[in-house]
Each structure stands twice: as C-alpha cells, then as structure tokens.
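In what follows, a structure is listed as structure tokens, so that the remarks can point back to it.
A, B, C and D are the chain letters, set down in written order, and residue numbers restart from 1 in every chain.
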Amino acid sequence: MAQNRLADVMKNRGNFTVSLPVTLAALSTHAQNLHSQVKQFIDTHIVPFEPEFLKWSNDQKTKWTIHPHMERLKAKAKSEGLWNLFLTKDYDPSCQYGAGLTNVEYAFIAQEMGRSLIASEVFNCSAPDTGNMEVLVRYGSEQQKQQWLKPLLNGEIRSCFAMTEPAVASSDATNIRSSIRRQGNEYVINGHKWWTSGAMDPRCKICIFMGKTSADGSAPVHKQQSMILIPMDSPGVKILRPLTVFGYDDAPHGHAEVLFEDVRVPVSNILLGEGRGFEIAQGRLGGGRIHHCIRTLGAAERALQLMIDRVQERVAFGQRLVDQSSIQQDIAKSRIDIELCRLLVLKAAHVIDVIGNKAAAPDVAMIKAAVPVLACKVVDRAIQAHGALGVSQDTALSHLYAGLRTLRIADGPDEVHLRTVAKLEILSRNMAKL
Amino acid sequence: MAQNRLADVMKNRGNFTVSLPVTLAALSTHAQNLHSQVKQFIDTHIVPFEPEFLKWSNDQKTKWTIHPHMERLKAKAKSEGLWNLFLTKDYDPSCQYGAGLTNVEYAFIAQEMGRSLIASEVFNCSAPDTGNMEVLVRYGSEQQKQQWLKPLLNGEIRSCFAMTEPAVASSDATNIRSSIRRQGNEYVINGHKWWTSGAMDPRCKICIFMGKTSADGSAPVHKQQSMILIPMDSPGVKILRPLTVFGYDDAPHGHAEVLFEDVRVPVSNILLGEGRGFEIAQGRLGGGRIHHCIRTLGAAERALQLMIDRVQERVAFGQRLVDQSSIQQDIAKSRIDIELCRLLVLKAAHVIDVIGNKAAAPDVAMIKAAVPVLACKVVDRAIQAHGALGVSQDTALSHLYAGLRTLRIADGPDEVHLRTVAKLEILSRNMAKL
Amino acid sequence: MAQNRLADVMKNRGNFTVSLPVTLAALSTHAQNLHSQVKQFIDTHIVPFEPEFLKWSNDQKTKWTIHPHMERLKAKAKSEGLWNLFLTKDYDPSCQYGAGLTNVEYAFIAQEMGRSLIASEVFNCSAPDTGNMEVLVRYGSEQQKQQWLKPLLNGEIRSCFAMTEPAVASSDATNIRSSIRRQGNEYVINGHKWWTSGAMDPRCKICIFMGKTSADGSAPVHKQQSMILIPMDSPGVKILRPLTVFGYDDAPHGHAEVLFEDVRVPVSNILLGEGRGFEIAQGRLGGGRIHHCIRTLGAAERALQLMIDRVQERVAFGQRLVDQSSIQQDIAKSRIDIELCRLLVLKAAHVIDVIGNKAAAPDVAMIKAAVPVLACKVVDRAIQAHGALGVSQDTALSHLYAGLRTLRIADGPDEVHLRTVAKLEILSRNMAKL
Amino acid sequence: MAQNRLADVMKNRGNFTVSLPVTLAALSTHAQNLHSQVKQFIDTHIVPFEPEFLKWSNDQKTKWTIHPHMERLKAKAKSEGLWNLFLTKDYDPSCQYGAGLTNVEYAFIAQEMGRSLIASEVFNCSAPDTGNMEVLVRYGSEQQKQQWLKPLLNGEIRSCFAMTEPAVASSDATNIRSSIRRQGNEYVINGHKWWTSGAMDPRCKICIFMGKTSADGSAPVHKQQSMILIPMDSPGVKILRPLTVFGYDDAPHGHAEVLFEDVRVPVSNILLGEGRGFEIAQGRLGGGRIHHCIRTLGAAERALQLMIDRVQERVAFGQRLVDQSSIQQDIAKSRIDIELCRLLVLKAAHVIDVIGNKAAAPDVAMIKAAVPVLACKVVDRAIQAHGALGVSQDTALSHLYAGLRTLRIADGPDEVHLRTVAKLEILSRNMAKL
C-alpha cells in the first residue's frame, strides 16, 4: 500500500471496541440456527455426494459440464433459506439481498463449508461469485444490478474476475497493462489474462475485468485502472485453456487463460466510473481474502480430523501410530495452529463488522499472510500421517494442499501482505514515539 | 493428564459463551484506567530505573541484596492502588484481597508489566509470589493466611515454591521423591530441590514445598503428594547455590538449589490435607502458566519495538535495514506472531473467567505450548537485527530470550503440554464421532 | 531395523577410507566424458521434447500410450552408449551388463537426468526398472535373467514392483499380508497392492511381487516374506485404476492399484528362494533410495535455475525481485540446501562403492530422511517466487514438488529412516562409552 | 562483495579437483596420529579440568586472572608437539611455524577441540590469536614477526583484533570510521571499538586494529582502510568494560569495549601498507570463519552426545525418553544436521587447500551461513531434552548455545554471507546461460 493510504488506515482505526465471539454459543440464536442447519445440510447431503461429484469432474467426458445433482442441491439449500449467507450486513445493511449476518457469524458458518471441496457452491457462497456480487451490490448501477446481480443472487448464472496477467507481476496491481479504450458509446477492451477462475464453467456469463483506461499514464498512478463488465459471450472473448494447480484443473470451475481481443461493451458497463478500479479492487480483494481464510479454517479442520482417525487405525513397529509422541505432537500442533488462525480470522471479521473493510486492512493482511501458511502445515502433517494414501485421490488432502498452497499466491502473495503489515507496524511504532 | 481427568475436563466444557474483549476499549472503565495508570507508571518510574537496577544486580557486592529504590517504587505503586492486581475475581470473588479484575483485564495490564524485566515486582505481581498467594487464598487455613498471606499481600516478604528435583523428570509430577513424614505433631521433611526460584532473595521467608506423604506408595498415584509450608529459617533448610539460566543468575531473585534435611514444621503447616498436593499443583500451575504467557506477550512486544527502532537507524550496503524486504518480513512475522499469541492468551484468560481454571486446562496447555515458542522467535529475530548489540547487556534482548527459552521448560516442558492438547483432541474427536 | 541387524551394520563399518570426489574434475576421464555426453544429449534432445511429451501424456486420448519419439530417443541414447549407466560396479563387477561406473560417478550423471521429468527413461535408467534389474542381476537365476533381465536391459519391456498394500502400514514390511502359496509346481498368489508404479505402462510385462510364503507365521518374522516374478499377462492380474499424486497420474507410467486373484506362476519364478523376500527388499530399496535422492538433486537444481531466471525478469513495487534481500536469501538458502544434500548423497554413494550396500544403511537412511525434505523447500521457494505460474502446468515446479513430497513417503516414510538413524546413533554412542 | 571481486572469484574457481577425505582413515598417518593424540589429550587432561576452570572463571576474585593449570597444560601440549596445528600449509608452506597440516586434516583435529570450551587454548589454537598469527605470517614484516609473531607462536602472549564499532553496521566494513592518521614517523589512532575479544586477558599484549587512513575518503572505497599493530600498553588504550553474550562474560578471555584516544605507534607498525586493510581482512576473516565452523561441529557433537546419554536415563509418563519417537527423531535430525555441516565444512577446507583462501570465498560464505544455524538447532534440541538442567551451569549446553547463536552475528551476520552466496549464484547462472 502507498504511504498515504497507510496513514489513512491508521487514522480510521483509532480506539475501537472488539468483543469477539469465539464460541458458537456467543452468537445470536439466528446465527446459531443457521450454523446448525448448514452443518447438518453438509453432513447429510453434501459429504455423501462428494465422491460422485469428484468422479464426474475427473471424467474427461463430463468434467466441464454441470452435474445435475449440484443444481438440485442448490435448489434445496435455497428453499431452506441457506442461501447467499455471505452477503453480510456491512455490504447490505438493509438485508435486501442477503441474510444480514455479521462477518463473524458468517465466519462460523462458512468454516463448515470449508470442510468440503464443493459445499460453498451449494449455498451460493463460492468465489469468485461472492466477491463479484459484493462489488455489484456496493458499486453497481441499478441497470447493472438488474442485469447481472439478480441472476447471480438467484444462482442462475456464475461469473469470473479477470485481473492477473501473465506478462507482469500482478501482485503489484499498478503493473496491469490491459487496455480499456473509449470509442464513442463503447469501450474497446484488449488484454491477455489468466487465472480467471470460473471462466470455464458453462454457467459463467459475466466477467468483471480490470484494465487501464489511462493509456498514456497521465492520471495519477492509482487512478489509471478501471473495472468493467464484459458478458462472456461477447465477440473477441477467447478462452485459451484451463490452467492447473498442482495437476488439478478444478473442473468444472476451472482457472482459465483468456484473451480479450477488441471486445466491445456499452459505456454503461463501466463500474463506478473511469479510474475507480483500484478503489474497487481494494474492497473486493479484502472481502475475498477473508472468505478464503475462513474456508481455509474448515479445510484445516477436516485434515486434522482425517489425521486423528487414521492414526488410530494403523500400527507400525508394534505401536499404534496414535501412541507415538511424534504423532501426538503433530496433532497438538495442528490443533494449536488452527485455533491461532481461527481467532485471528474471527478478529479480522469482527473488525470489519465494527469499523469496516478499509480500516480493517491490517487485520486482513495479517490473516492472508498467516492463515494459509499454517493451514498448509496442518494439511502436510495429515498427509505424512496417511502415508501414500495422503497424496492420492482417495482423501481430499492433497487437493486441499494444492488449493491452500496456491492461496499463498492468489489474491496477493504472502510477500505483499507481509509488506503491508510491516509498513503499518513501522508507521504505528513511529507514531507512538512522537 | 490421566485419561479420567481428561474426560472430566471435556464434560465441564460443554457449550459456553466467550465474547472475548480484544481491544483495550472493550474493557470496563475501571480496567482501562488501571491499565493506563500502570502503563504510565512503568514508563515514568520503572523504565528509567531499569539500567540502575541491572547494574546493581550484576555487581557482585550488591547483587544478592535489595536495591532500596525497589522498595520505594513498591510503596508508591501500592499507595496508588496499583497493587495485587493479579488476584483476579475467580480466586477472590469478594475482592477481599485484590482488585477484582477479570483474567482478561489483568492480561491487558500485566502485558505492560512484561515489557520490563522488573515491573511485575513493583506491583507485587511477580512469580512465584503470585501463584503462592493464590494457593493461600484458595486453600490456606485462617492461620496460614494470617501468618503468610497477609505479609505477602503487603509486599513485606517474598516466597518460593519447591517442586522440581534434580534426580527425576519432574515434568511428570508423580516422579517426585521428597518425603514429608508425620512424626507426632510435626512433619519431618527431607528432599533435594532445585529451580526453587526466589529462594535467594533475602526477603524470602516462606516456601511451599511439594513431597510425598505416602512413603510406601499405598495411596492412589495422584494422592501420594502433599504441599506444606516451610519457613525459610527452619533448621535444615540449606540453600546450596544459585543456578543460572544461559549465564544469568537473575539476582536478587535467583534460582536456588536447596537441600531440606530433617526439617520440622507443625502439622498445621500442611496445605488442604495430606494427599492433596497434586490437586493444588494443578490449580497453581494453571494460574502460573497464564501469568507467564501474559508477561511473555509484553516481552515480545518490547523486542519488536527495539527491532523496529534499530533497523531504522542502520545502513548496510547502501540501504537502510528497514528498507530491506527480509527485515520487513521479519517485522511483519513478529507482529503476526504476537497477535496470534495475544488472542490465544486472551481466550484462555476469558475461558478461566467464564468456566474456571480446571475446565480451561486445554486452553492453558495450548498457550503454554505455543506462546513461548513464538515469542522466542520474535526475540531471536530482534537479536539478529541488532547484530552483536543484541546479545550484549546493552539491550534486554538476550536476557529476555534466556527467560523465554527457559519458559519452554519451566512449569512443564512443551512436550507435556502438547501431550495434553493431543489427548484432549483425540478424545474430543472420538466423542464427536459417537 | 531390528536391533541385531543394526549391530551387524555397525560391525561392518569399522574404519574405512572415503575420499569423496565432489567436483566433476575429480572423476575418471571415462565418467567425465559420459557426464558430458549425457548432459549434452539432455539439453539437445530431451529438454526440447519435454513440452510435447507432457502434452501427449496429458491428453486423454494418448496419455496411456507411448509417444513414438520416446522410443526413437531411447534408440539414439542406446546407440551412443548412454545406456544402463545405473548398473554400477558393485552390482556388476565384470561389466557384463552395465557401464561399470561407480555409484559416485553415476550420481554425477544421474543428477543431470533428474533435471528433466523424462530423461531417466531415455537412458534406460528409470525406476522401478533400475531396481528390478538390479534384483535380477544379483539374485535372478539364469533362466530368469534370460527371460526378463535381457529384454529389460534392452529397453524392450518395462516392469513394476508390487509391495505396498492399502490395508496395512507397509512402511513396516512385516505387516504385508499378500499370500504366495505353493501348490504342486506352481505358486498361487493372492493380494491387493497399490502404488505399483509403472504397471499402467503398456510396455510393462513383468512384476516383482512381495508376499508371505509363511502363511501360518511359523517362520521367523524376517523370513516369512518372499519375492516372486509375475508376468503381467497372467490370468488373475487385474489393474483396478491409476492412483494420482497431488492430481498427477504420471501417465503413461502410472501408479496402479492392482488385484492379484489366484494368479499362478511356475515355482521357478521365485526369487532366491522362499523366505528371502526381506533380504532382497533391503538391498533393492537401498539402491532405489539412493537413485531417488540423486534425481532429487537434479530436480532441486532445476527449480533453483528457474527461480533465478524468473526473479531477474520481474519488477514489483519499483524493484526487481532479484534485488530484494528476501529473494536473495531464498536463492542462497536453496543453493546451500542443494550443496548440503549433494555432499551427503555423494558420501552415501561412495560408502556403497567402498564397503557395500548393506553397511551403507546409515548413510542411505540419512539421505532418504534429509534430501527430499530439503528439496521440497527448494522447490517451494521457487514456486513462491514464480507466483501463480509456479503452480501451473507452464513450469515443471508443481509437478516436481508433487513427486518430491511423495518421496517423503515412498520407499519408507521419513519417520522410518529417522528411526533407523536414531537407533544407530544411540547404539554407536553406547558402544563408544564402553 | 563487490561485483568485480565476485567475478574474480568465479574466474579463479574454474575446473578443479576435490577428492574430499571424509573419514579419519582417509587422512595421512601423520594426521591420524595427531588426531589420536589430541583426542586422548583432551579426554585425559582437559575434560577433567573443565569444571575447575569454569569455577575459577566464574569466581569474581579470580575470573580475570589466568588459572595456573592452564599454563601447565599448554606447556605439556607444546612439549608433545600438539601445538600451533592451525597454521596450515597454505599459510606456511615450508612448515616454518606450524605442523604443515592441510585444512582438512586440521578440521578433523580441531573438531575434537571444539567439544570443549577450553581445549583450543591449550593447543595454542584459539581465536583471535590464530587469525592474528596467520596475518603476521602472511603479511608481517620481519621485525613485526620477531616482535609479535614469535611470542604468540610460543604461547607467551595473547592478542586481540579491533574491528567492530558500536556506532555503525560493521558487517559492511566500509562503514568503519576509526581513524589512523600519519603524523611524522608515527600514526595517531582514534577510535571506539567493541567486541574486541581477548582484550580482557592479562596476557593480551598486542592488538591488530582496523581503521581509515584515507580520512577524506579520496581513495577508492576498498582502499581506505588499513590495519596496524597497537601494543596494548600504549598510552591512550582504554578498556572500558567487558561485554556479555547472553549473560556470559567468557572470562578471562572477555569481549571488550575499548577506546583508542590519540594512541601513537611508529609507522613501521602498519601492516602491508596503507589502504591494504580490506585485503587483509578478507583473508583473515575467511580463515577465522572456517576455524569457527570447525569448532562448531565439535560443539554440536558434544551436545548430541549429552542428549543421547540423558534421554536414556530419564523416565516420564511410564516411558524412557529415548523410547519416544519424538526424541528419536530429534536425535536423528541432529546427527543428520551435524553430518551435513561436517561435509560442507570439509569441502570448504579442501577447496582452500586446493585453490586457496580467496577462490574458496563461496564455500566459506556457505558454511558461515549454514553451520551455526544448524548447530544452534542441535544444541537447542539437546537443551530441551535435558529440561531445566539444560539451561543451567551444570551442562555446557546453554553456554555453547550462547556462543553459537553469537556466531550467527560475529565475523559477518548470516545475512551478509547469504548475500554473497546469492550474488555468486546469480552470476554463475547468468554466465552458464551465455
């Protein structure tokens, strides 16, 4: 972050009250009920469906299509009101679109979803739709909302977010080079993007695209970028190929490399206005980061459960694995790592609830830098305790690891978040000494 | 912990509400005021005195005596009501002895004390007196309270705690071999103890001693130990020598090796009754562990501050240290480590506040296993950033490190706490699957 | 390892001379020439072919077939004498089959092969054929050699090794349950195996199978297992499915789950005799472990090269990545890790050369416990420095990581090797004190 | 290192032969005999004296004086020819001063010395005398040798090395500010130094001092520094105080803060000539670093031995510590860490033997960056396994730790060496791609 934005963040933090609910019992009855319903839904309907889903999405003939049961599960979840829970109060104070949860409440619930590789989608709470819907709620025009937000909220379509470019270090968003050029009543878009997650999904109909409207660089450095809505069926949008993470293509979602060649959209498709891209990105990524970290807690929890179950079954050299002190220490360290992460994530969620997304930047940077690293360790220990089973398709472990390891890069690599934390820390220390 | 005690702990945890105050602003006004007074007292009166104190306690001629200014500072703190803050509500519900703080409130305040090597003593909040006073408050007879608790609360005398023995792995308290043998109206005590911290202090007048009353081992394994009060001037109490930790003798406090040879005390000196030693130890050490972890937060905070100040001053190879990404990452990791620890400690404190010391055993085990390890890393990074200055007597860093590294062993080594966490975790998982 | 075998190992080590060649210039001219030829062959013929090969082996239509160019490359390598280099002098003192290299010489050469995901196969030096050929050379009957060793050495067929079983912790080989039952002039084999690498390859014609000939367990515990040759086209051999490692199926090689149901082979197919399976396994796995570790060095080297190239290209926040101290430290640590591993591997290779496979057990255990762990770190750093590119199919990094992470489990998990090292260390210390 | 010096180093490395002797049996008979004599001398005469020495050097009354038995031991070692072994062939090809060992041979022998806190001194092989004698051998004038080298070689006097300054980051030697100003036939020296190790020793008679002869900075940046000999009894040399490392003052050796105020020495005291300080430092520190790393191996070896002995004695929770898998893994990791370090150190020593000190810069940087870090881990594991005993004065462990931790800062902090390794690695990669 630039120095002046850092100072802004610090100023807005001031002296605020955080009383962090850290047990389920500390939540509102409403939230406790939702949590219980979601948990039960997952255990009853989603966990048993997982193997079938994975088979489908690993089969060449079906993988890029939608399993019909997924749509049935979505309908069921929707009918039970377990839907769009991610749209928290801070985005949607009048509960126009969502369930009116706080971020902390959502954290408890979405952690359950994180235990499964597919649960988030069932509840219409999966990335990148969640972030895209947040953007539309907060920054979309009425027409944009009508056209795109509504079907997204209904789970009828899906969306993608085109930011990262293969040619530059996109972790520094000022590097982004794609162009959005105005021509009469249209914008003409050219760019080469990748890691456009979700673009492979046949239901994906709309893309939020980030590029430069200030071609000559005459605008201030953080006002050169804009965001614009591009329908995926626009002429000139070419999906080149799916990218893989550690061998997984994550079908039917998919991580696409996409070429945008002279794509034309009406000027009304711009979000918020020219030069506001950076501003939108800040908010969007903050929300995305906390959602990722929440789901990560669930993933780590699942890995630990699998580990504990496994080491009680196996015997080597005359001793059950669970009775070996090294295995016990791995279990304890994993529980501690998860609990450390859980509290930090809850705190970040609560700070957003209390003082908002922007002022919570230090907390969000901290969880993004800390949680995936620790979760990777938890899953890695579980893999090792499983032996060869742990790297195979017969447990979720290596797939979880691939996702969590990638999360140390996606939405800003660890290094960027550590940099933010450090700069705020130094600023804060220097201010305290004045 | 034994399996049945683990099950007890689990049973008592049930479904409880924790809304964790994590910012100062979330505390009661009373606690905020105390925090502010303590902080100011430390900055104004204690920090400037530290160098003089360290000089005194490193000078052979004076080191085992009390610096007169220390007593003056204690009197001042006492007169301002900044006194015995450690005696929290759970120990002292009627505020008969202490300030009636919650453990969470005390955590905020004692963290400030932890920044200094000597502040805790000034506020009569230093180990092992705190733990010993807690024992006397909870388990002491009226006479014991009158005779020993009162002067301890007044800061007139100090105390020690004799548990660890050189001959056995004392981390497993059932190994302890010292004997407490009844003979008429007296107990005769024999034992060889070490790491009896505080015993070197000339003001130390009373010792809580742990030993076996069941010499033949006929009592159940956790009922063989007792605790008893031994005045330090009893015949047969021989202080053999001060032990050092990484070269520090921590004078005038000191870590003593002590021989108890046919020491005789009246039977009324027994605490709670024969065979209750284990029970008292559980409570005493739980409290001690959280106090240690709280102070550890302050120590880590100080190390990080010193580091940030230092790296802004120094230039190497044409670049300020603070501008190097590796240094920035060390700062960020340290802040994250401290924040992770802080939340976990606050949670443990709050669980004690809500459901009590015993049911909080898993939380206490977690902080004891996690916090000193992470704090050692924080201090170690600060040392490295300081260069040779960091290992010298010119900063507190190496002394802090020595203390924190020792804390990974004292009050139960990491391994014991990890074992507890693992056993509870496995039990808890197995119960959830029923 | 059992205690008595440990003592044997120690006895055979005694006082031996190791003058370790650690630079290429220290090798024989013959070896230097081979090294140079292999290196050039890889750079000229294999590296450019890699992308095409990976495309083929990721295409559903072709993945389980053999790319014709692979066979052409093999023929070329063979014609240039760059063939079967793995069959070192200790296995083949008269150079009947191989090139007569020492293990150290082969280490230098095979490290080059390790840089590529496919080079080993081109030179007929890939697992599990190498280990299987070693077994046949050392323990095969003349008939077995004629029938199976010859076509393997010629690169006409490939082979697999069926040891691990899904039902038991196979890291403790005494757990293995598959049965090999004699019936007249045949053995009847039943068993459920997995991680039978190479079994998916259409060229795979022969399997070395490990199972129990002592069904009633009457033989001593290390004499109950035998190894037997099973032609892959035998009735009752059912390949159930390919297993994946972190999402990779490693086609066309593949890691198969295989069912053996009442498979019948002539009694002459037994290797060495009933009850000798454990003895053969010891030797076979020792050789396999060092080969894996050698290739690992090459993999780590490649990762480091990719990293160095990448960080010189990218700019973030106004600074080339390569100019950031954290990146420089990652590069330096990676070079140091590789050099540490390289020397340890060379030493193990040399100890085998000097005093043989069995007496080198401690050295082999050390490299197997140390090298994959450090190599994983090297590759992980390279992934992070690449950003999202690093987890994708556009570099070899995540595929290399998956393989190296799996190597911490395959051929005995880290824990087993650490246990061996510890037991030898304790024994050795206790003997020194006598 | 500056870019051009890096390129020089690379050029001089070329293609050289290293056949590394890694077992004792691979050394010359002469070296084997010396090794055996030194080892026996240590076990017989030094180890039993250690406790008495430590008592003496911890007693305020005696600590800054020389224990008479130390001088007797020195005399005995000298009479047996176990003397000045450090002066290897590369410094002293004609064996005029030393025993004519190679660096590898010396490494085997000095590793034994490293097991003891005091053995190096007994054999006249302790820092900083070793480095200082090397400087005088290589760069001293005849007169300088006569006056200072001779008594140093005889063990009659000791010496110190004044380089580090409190006011600047001395890890970048161009920062050094002390002035050496010519005035007629004298140099006038002013400077404030610290970490002048050995200056507290009453036998210390001569100081090698580094400072700026180019006061106006007109000389090229690496030609501004000079080294000069300053007799410790010169007027103006003021020892301010002993510094401590983690609470140890390392008496009677001591780490001194020293003020040099208008100290005057004859111009003949300059070493090699004005502006040659940097050049001398490079050589001197290279030698010092390898000596430190060799001794470190011995220190780690001792820690591991203590650990293995201890864990066989203790029982906790019904199991001997040595039978717990976590302890076994700690032992195995320690052995592996030591072996990795040992091979890297031997390689660096051998490269010096073969192509000399300067061209071995990358190897020396690698060992200095790697060995103390890993040795700290080994000692730390041993401390933990000892419980509170491990941090006390009753084992050498915490004292060893303090020394090794300090070594990560002394003679250049880890960061400087990692920087050197990285820069060479990048250069080397870029050259390979040309």
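What we mean here is this: a residue touches a chain if its C-beta (ideal position, glycine included) is under 8 Å from a C-beta of that chain, and two chains touch if they have at least 3 such contacts.
Since the model is a prediction, treat every value here as computed from it, not as a measurement.
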Exercise. Which chain is most remote from chain C in terms of Cα centres?
Worked result: B
For this session: Please compute the C-alpha centroid of chain A, do the same for chain C, then give the distance between them in whole Å.
Result: 39
Exercise. Which whole number of Å gives the spacing of the CA centres of chain A and chain D?
Worked result: 52
Exercise. Which residue numbers or ranges of chain A touch two or more of the other chains?
Worked result: 325-326, 328-329, 415, 419
Exercise. Given which chains touch which, is the overall layout a line, a ring, a star, complete, or other?
Worked result: complete
For this session: Flag every residue of chain C that touches chain D in the complex, lowest number first.
Result: 15-26, 304-305, 308-309, 312, 322, 325, 328-329, 331-333, 335-336, 339-341, 343-344, 347, 350, 366, 369-370, 415, 417-423, 425-426, 429-430, 433
Seminar exercise, completed: Listed in rising order, chain C residues that touch chain B in their complex are 324-329
For this session: Show which residues of chain C lie in contact with chain A when the two form their complex.
Result: 60, 164, 166, 168-172, 175, 194-195, 243-248, 314-317, 321, 326, 380, 383-384, 387-394, 398-399, 401-402, 405-406, 408-410, 413-416, 419
